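Below are two complexes that have chain A in common, paired first with chain B and then with chain C.
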Partner chain A sequence: MSHHEHELIRLSAAALAEKLGSGEVSAVEATRAHLDRIEAVDADVHAFLHTAPELSLAAAAAIDERRANGESLHPLAGVPIAIKDVIVTNDMPTTSGSKILEGWVPPYDATVMTKLRAAGLVPIGKTNMDEFAMGSSTEHSAYGPTHNPWDLERIPGGSGGGSAAAVASFEAPLALGSDTGGSIRQPAHVTGTVGVKPTYGGVSRYGAIALASSFDQIGPVSRTVLDSALLHDIIGGHDPRDSTSLTDEWPSMAEAVRRADVKGLRIGVISQLTGDGFQPGVLERFREALDLLAAAGAEIVDVSLPSLEYAIAAYYLIMPAEASSNLAKFDSVRFGLRVNPPGGGTVEDVMSATREQGFGAEAKRRIILGTYALSAGYYDAYYGSAQKVRTLVQRDFAAAFGQADVLVSPTAPTTAWKLGANLDDPMAMYLNDIATIPANLAGIPGISLPVGLAAEDGLPVGIQFLAPAREDARLYTVGGALERMLEDGWGHPLISRAPDLAPSEMTAAQEGAV
Partner chain B sequence: MAKAKLMDFDKALELFEPVLGFEVHVELSTKTKMFSDAPNYFGGEPNTNITPVDLGLPGSLPVVNGEAVRYSISLGLALGCSIAESSRFARKNYFYPDLAKNYQISQFDEPIAFGGSVDVELPDGRLFTVPIERAHMEEDAGKLTHVGGATGRIQGAEYSLVDYNRAGVPLVEIVTDIIYGAEADAPELAKAYVSTIRDIVVSLGISEARMERGNLRCDANISLRPRTAPGEPPAKLGTRTETKNVNSLRSVERAIRYEIQRQAQILADGGTITQETRHWHEDTGTTSAGRPKSDADDYRYFPEPDLLPVQPSAELIEELRAALPEPPAARRRRLKQEWGFTDLEFQDVQNAGLLVEVAETVAAGASPQAARKWWSGEISRLANARDAEAASLVSPADVAALVSLIDSGALNDRLARQVLEGVIDGEGTPQEVVDARGLAVVSDDGALIAAIDEALAAQPDVLAKIRDGKVQAAGAVIGAVMKAMKGQADAARVRELVLERAGAS
Partner chain C sequence: MSEITQEQVAHLANLARIALTPQEIESLTSELGSIVDNVAKVSEVATDDVPATSHPIPLVNVYRDDVPGATLTTEQALAGAPDHDGSRFRVTAILGEEQ
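Let's look at the complex of A and B:
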């Protein structure tokens, strides 16, 4: 890796886009730099399940050619992007982190992929994730865990740990994630990066392999708030192929970042998410961020969401219920793994053997939970009650947004834990989603951005802002403002304090430069 | 399969009251499928007319077909139903390889139409009101072909092939309430009900409604309850069976009759009815046990999270209501009058389920009497002989063309029957059959006169009688001439010429 490449991979997407636009850097150079970085560090990080260097370089070369021909391109044309493996791609295998889809190349592209390709972004690979997005640590990937670039012994969050780690380790400036209960925001929190869950219906789900259809939402992953906004502007908007996608005309999120100002903004601190169970170092950084916002003219108020007490229980009934049905299609008949039982058998025997071998323990656990919750005689008590709680949570949010323009909390109660620490305790893992799940229950947008390192372990801490449905732009405004104030204070972006994963890179680069 | 013992039908009715219920599936003839933009057409090479949605590929999402919603509303209104301001799709979860997602998108507790009724005319003209519980939208499954094994069923098959071309075809399922009081009319009522539904969907233009092609499918539920003495409370409802695969009007009637007789015999022998689906076998006229079915079957229905509720505007509903065609009962009264049929003639046509065919034949240019004569006569006879549905043999347009050939003198009745068989055997249109088989009436007077002169010369006694004014004697000569012409002559013309040549006229 040359010194030039070393510089390129550390650029934000917006900065890289400028160099691409001015012709200072070619898309092929930018793509090759990130592929080289993946080559150098991904054996340790394991953010990627699949890369296709020839495809990526060909896509980049096509962009360079179009630019050379004087075509007017999207500002982000030529910028590499990592794709969470939950999103179907017609040129790369798509597994959703599961053995049951090993090697499956979809015959079609997700709508977000169509939009990315139309804008000229360069897909650089598919990122690791908990199987079918079920988990908060990426340890439930059938292909082995991803490691946190800040400490390779720790989890990168989940389910989108691969996308967050790819961005945090400079393997890509941008990534796509999906957020069902925090799978974009919690990985951002533990990797010192930015992640946004848009309003439900803001980004098409067509081509996102469903975990829980009423919660799933694709969103941007990046190192800066502006980069997420730029990506959001590309992937957002109505899609006639997704009936739940909103028909709204959306304002530019990037514009919302650029006019960032919090003067007079009412920020509601969610009282249930700032006390017991939250790590002191997390709360400390969170309070400091609030102080900065107040100093900048924001009005900090306390709000209460009393129904949050039941939110996790409700989520862990509705999510598995929908998942149990969504995952029924993985039966070996039309695609994916097929396991023939010894001595053959009926189609039911083949389905059963395939699902037994193809699904991991967490997927099976949720299928069983969800099947049970939907069963006759239990439906009202479980699924029915959970839907009522969902309504209560939505009402709580509606009331809170009467008092505040945005709500705020730490993104998760703790910093990254050690790989394996919660593996035998699914409840501990589930409880880590307490701050992120409510937004999915209510369908509202949320952003997580880094606010520093926890004193006790030196690991990244994120802050989460939530806005009313359709008001995603507010998140970018407040997020952009806070990010600028924090970086002004630190004198650098937080991510620059992450350990250098490939110290030999620089040495080699310097040698090469000589 | 042991042949079931059957109780005499009248005896069964003495002991038991039949209680009925029907589920009729109607395939809508929309341009595209229920939830995808694949064309709504399922002939052709297997698995070619499919999209990621029809295959349930990971990541794919359904989108409701607005045309199917409008068709369903129209059907609901024609069934006298209320249209829900908001109805919802639900997932019906069960594993079966013809179901791409292993759930069917259907409607469960919030159907688009509910609470209607349909007046059905029994063979003797009495009206019977069938209560409609609901009509709901859903998607069809793929088609399984079981290869190997004796039965063609999944049990015992070596392997099975799946064709998803039919997966996602829009269906409306019409569910009746429990139907009491049909008594001995139960078989006829069943047939008349399905026939009425067919008339309705055809008049709405929302389905091809060809039972033999599966456009219209009837599942017949039947149970028997023992009669109690007057003054005593009625007995509990009996255990029901659901007979499937009933794909002709005639079969609906036969299947109900069979199940009444079969169940009655089992109950009279002290046995119990198993709650199960039963398969109707058109060839043997019997049913056989299918999958056991209980009310405890757990489909884990829940609202389909990929779709929004269906909320048709009041304006749309009123627009569709205003556009409804004449109800079948009113239409029948009008047609009877327009056609000038006697009560008996009209009932014959209707009981044979041929109202639509006759109407379409008349619309294609035939006289009502000619249309009736051919459908109730020769076509029905051939249908019986071939154990098929009359409507499936020949199109109304072909029948009208046949009648036109007769009216023009190109065919006589005898030849026309041959032409009809040719059409049914797939030889083409009536004109094509006439051309190919050389069946036209000999209208060359020269050829006829030669044959007549020969016949008169051979029968001088007949010639003498005709000349004496005994015109009816000409029959023998006409017969001989027709024979000589191999029937390909217009008998009326032959008669004219015989009298002329004999010098009688």
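Let's look at the complex of A and C:
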């Protein structure tokens, strides 16, 4: 990788877009630099399940040609972007991290892909994820885990660990994620990057392979708050192909970052998410961030979400219930794997053999749990009660937003854990989602951005802001302001402290050879 | 502790059309028991006076105009199928011999 490429991949999407617009850098150069980076480090990081260099370079060349012809292009035209493999693409395989869809090339594009391509962004590959987005570590991917660029022995978060690791390791400046219970925000937290879960219905889900339809939301992944905002502005808005899509007119999120100011903003600290069970180094960085916000004129108040202790329980009933229904479509008939049992059998026998072989352990666990929660005799006690808890959580948020403009907490209780550490204890893994799940239950937007490294392990810590439904712009206002203050203090972005993977890869190879 | 049994898990697997192995049924029985013990507490606060919420931002009567839209061609729809005859998905027997 040349010095020039080394610099190109470290630019934010906004900075790269400026160089593309001025003609200083071509889209082909930018795309090639990121493909070379993937080539250099992805054997270790494993953020990508699929790349198609010829396709990406052809898309980039088309942008360069249009620009050379004097066409007026979107400011981000020519910027590479990684796509979580839960999003269907008509020119690259889409597996959702599952063997049951291995090699499947969808016959259509998700609406977000249509929008990205129309804006001229260059899809650079499909990123790894827990199977069907079921997990917090990518260890449930059927294709092996992704490794955290800050420490390759640790988890990159999940389910969107591939997208977060791709931007954290400079393999792409932007990525798309999907957030059902924190799958955009928690990976951002553990990789020192930015991730946003928009308001439910704010971004079309047409072409997102559904996990839990009343929670799922596509959103941006990046290294800076402005980059997420720029991407949000492209992918947001009404889509008649998604019946849950909101018809609202949305303000520019990028403008919200550019005029970011927290003076007079009431920030509510969620008392249930700032004490027991949270790592000291996480809380330390969190408190410092609050001090910065207060010094900038924000009013810090305490708020309570008393139903929170029931939120995880409700989530782990509703999510598997919806998943068990959504995953019924993998029936060995219309797409994906087909396994014929020994001696043949009826279509149901084939279906059962296919699903036994095609689904991983976590997918089976959640399908069985969801089937249980929905079965006669248990429906009222489990699924019905969980839906009532959902109402209580929404009421808690309504009350809290009466006292504060945005709410705040650490994004997750701990920094990145070692790969394998929680794999044998599903419930321990589930409890890590305590801070992110409530937003999905209530449909409200959330952002995670880095606030530093934990003293005890030197790993990234994220802060989460939540806003009322439809007030996504507030997240960009407070996130943009905090990021600016933090980087002014550090003198550099946090991500510049991540290890340089290319040299360490060479060292590791030499050590391995001894 | 919850009362989840191996017979119950086998029944659920049948409903969900997953041919679980006996070992999977055994491990899932204990895992589900532990998970259900943790999630059963939703009933503590789900009293009669609390309405249920199915969607976070409810929209009703979302219809499109009743006019033909863009659809997949037959070829596109069949492209990812494990087996087809050029115009239809092909499957094995729908009914078993005993039916």
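One rule holds in what follows: the second predicted complex is superposed on the first by the 503 of 514 C-alpha atoms of A that agree within 3 Å, B and C clash if a C-alpha of one lies under 4 Å from a C-alpha of the other, contacts with A are read in each partner's own complex, and residues count from 1 in each chain.
Note that a residue touches a chain if its C-beta (ideal position, glycine included) is under 8 Å from a C-beta of that chain, and two chains touch if they have at least 3 such contacts.
Only a predicted model underlies this, so the values are computations on that prediction, with no experimental measurement involved.
In the superposition on chain A, contact is made by A:R205 with chain B only, not with chain C. Judged by the touch definition given at the top, the superposed model places A:I63 against neither chain B nor chain C.
In the superposed model, A:L419 makes contact with neither chain B nor chain C. When chain A is checked against chain B and against chain C, the one touching more of its residues turns out to be C.
After overlaying the two complexes on the shared chain, residue contacts for A:Y108 are found with chain B and with chain C alike. In the superposition on chain A, contact of A:V122 is made with neither chain B nor chain C. Once the two complexes are laid over each other on the shared chain, residue contacts for A:A353 go to chain C alone; chain B is not touched.
Shared-chain residue A:I81: touches no atom of chain B or chain C. In the superposed model, A:A498 lies in contact with neither chain B nor chain C. Within the superposed three-chain model, A:R334 lies in touch with chain B and with chain C [touch as defined at top]. Chain A uses residues 104, 106-108, 214, 240, 243-244, 324, 328, 331, 333-335, 347-348, 351, 371, 375 to touch chain B in one structure and chain C in the other. On chain B, the positions that touch chain A within their shared complex are 52, 55-64, 91, 93, 95, 97, 100-103, 154, 160, 162, 296, 298, 300-302, 305-308. Here chain A touches chain B in the complex through residues 87-88, 94, 96, 101, 104, 106-108, 110, 205-210, 212-214, 240-244, 321-322, 324-325, 328-331, 333-335, 347-348, 351, 371, 374-376, 379, 383, going by the rule given at the top.
For chain A in complex with chain C, the touching residues are 104-108, 199-201, 214-215, 240, 243-244, 246, 307, 309-310, 312-314, 316-317, 324, 328, 331-338, 340-341, 344-353, 355-356, 359, 361, 364-365, 367-369, 371-372, 375, 381-382, 384-392, 394, 426-427, 430, 440-444, 469.
Across the complex, chain A is touched by residues 4, 8-9, 12-21, 24, 28, 31-32, 34-36, 38-47, 50-57, 59, 62, 64, 72, 76-77, 79-83, 89, 91-96 of chain C.
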